[in-house]
């Protein structure tokens, strides 16, 4: 069950890294049903922004509010409703896709909303078949191709009940059909009332996103030099 | 439980309160966190990974064995001399073997991205760190403890020294793994963390070395050794409480390299 | 008013300007204490009955050893303040404190060795205090090495603050352990006359030197913190104005 109204609010977000301003005065209100593409050239701070939103990094000024509450103060609550997919897949090569997902399930089932949908091997296998890994459940990941390993990570999207998805370059190493399926999954998630924030260098196929609000946050709009004086 | 926390005036003005979730917003649930779920999942994963690469378990042991072989070659094969050196040598080498294996404690997770997933898990990082340290101890400390008597024989350790050797190593290597986790967490984002890890952690190992080696040498000279073991036990209890906190804090910082 | 902004950049400037006012007084205080203490200690206090004049190195050795240990706590506490309240000056103070402490530890080890040669006939003995001091030296080196290893300034400060804090928890344990270890192995040939009392004529200059070293430490710490501040704030207008004004 997806809550009908969710908000992630970025308030006057400002981030410097190694004496370089990545972005400043970034204000945005992201709501249920929206797909937000964070755009900008290489080095503009897309990944950094996503890492701020996941709480992995907290070198910033300003506030990030989930349902009106600071994500730093209500960390466990926020994290139980968020899924993050980084550049790295976060899977162990020595393990099979199934084992990797079991670990993920154990690490993420925290909120009541999560435990309601019990994750077991059947749901894990069905998630794996949705990303085209049917028959590979018990093959160690080091025997899979780069694209397939990436798909193991993507299978999390079909397991998690988290309403907020943060995806950093999710289309990397995925073939054409996979990209279309992933876009569909993202669109479906937004239609169900979820939120997706993603970075990608590919253009999203707009026909998947006809019915939903596809937004862009262009970080070049928020670029600037560090103001060194008060 | 429904969460309705009004935030302090510093972070929220009355204006933003009114724009914050209105009546149609789903109430936020406080996550009903099962502390052991993250612990169990990570423990199971790490132990499976460790068993799939069994060769890595043997490496510290082989190191242990080779260095101990060097001792008679470098000093003297005479039994009395070796017996005098045995407690200290075995302890120093066990310490080095533990240090060598510590570099990988968080590094593999860092490199494949699962460290990020650990950090964004709603489960407390404290228990996740404990579970990783426990696996580390099972894969290095425990095997070292078990093989130590063989090295005792090679260095002609007196008979009454074996029991305290095993006991002190079993407790002491646990402390070494826990303290080492802090260093491993601090250096995880650095490309050449290995040597630096030894540099920052070894001074902290001094008390463990003193009491561990002393338990063995006291016993082999026929003196009581339970006091030293009790102190090692106290170190273990203290390290178990404090070290995972420090390591968890260190991970949150150093992951941003 | 954005308070984090104030914390991040406002504070170092405030410290720099305030400390400019304090510094001259501190210079005078430090110099007069050290000159008074060393002239009294080296020229006027009597020679020791057993050790002759070689004992006079305690006027440097003892204060340096005091400050070496106290300096670690200064470093760790400012690291903790920086970590918890995100106060920039505290982080910079921690950075500044590490090399000063390491130098003082080295000075106390070195003067100990110089004193040990005529007294014990050897440069180095594994005495409890010397051993603890050596480990303290390693702890300082570790904090500095860790700080240098990071490229990202913010991370470096926080990581070395954590290490310094872990060290403070360990230092009492290390000291007690080494003491215990030493009593266990104390060789019979070296006798320590710890019960021997020190004559007031030798003690007073020592006290002056200890206070003088505290002042010297404060002075060195403030000067180095000011350097760190200038380095960090080199792009700001006030530092540029300062540089142009003094050039």
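Worth pointing out:
Letters are used for the chains, namely A, B and C, taken in the order the chains are written, and counting of residues starts over at 1 for each.
In the analysis below, contacts are C-beta pairs under 8 Å (C-beta built on N, C-alpha and C of every residue); 3 or more make two chains touch, one makes a residue touch a chain.
Protein identities per chain, from UniProt: C = Heme exporter protein C.
Bear in mind the structure is a predicted one, so any value in this text is a computation, not a measurement.
For the pairs B-C and A-B, the larger set of C-beta contacts lies at A-B. Taking each chain's centre as the mean of its C-alpha atoms, the one that lies farthest from the centre of chain C (Heme exporter protein C) is A. Closest chain to the protein centre (all Cα atoms averaged), using per-chain Cα means: B. Chain A and chain C (Heme exporter protein C) have Cα centroids separated by 48 Å. Rounded to whole angstrom units, the spacing between the C-alpha centres of chain A and chain B is 32.
In chain C (Heme exporter protein C), the residues that reach two or more other chains under the touch definition are 151-152, 154. Residues of chain B found to touch two or more other chains are 256. Within chain A, contacts with two or more other chains are made by residues 59.
Residues of chain B that touch chain C (Heme exporter protein C) in their complex: 10, 182, 186-187, 189-190, 192-193, 196, 199-204, 206-207, 210-211, 214, 235, 242, 246, 249-250, 253-254, 256-257.
By the touch criterion given at the top, residues 2, 4-6, 8-10, 151-154, 233, 235-238 of chain C (Heme exporter protein C) touch chain A in their complex. Within the complex, the chain B residues that touch chain A are 3, 5, 7, 11-12, 16-17, 19-22, 24-26, 28-34, 37-38, 40-42, 44-45, 48-49, 52-53, 111-114, 116-124, 128, 252, 255-256. Chain A meets chain C (Heme exporter protein C) in the complex at residues 17-19, 59, 61, 226, 228-230.
The touching residues of chain A, when paired with chain B in their complex, are 3-7, 51, 54-57, 59, 63, 65, 67-70, 73-77, 79-80, 82, 84, 86-95, 99-100, 102-115, 140.
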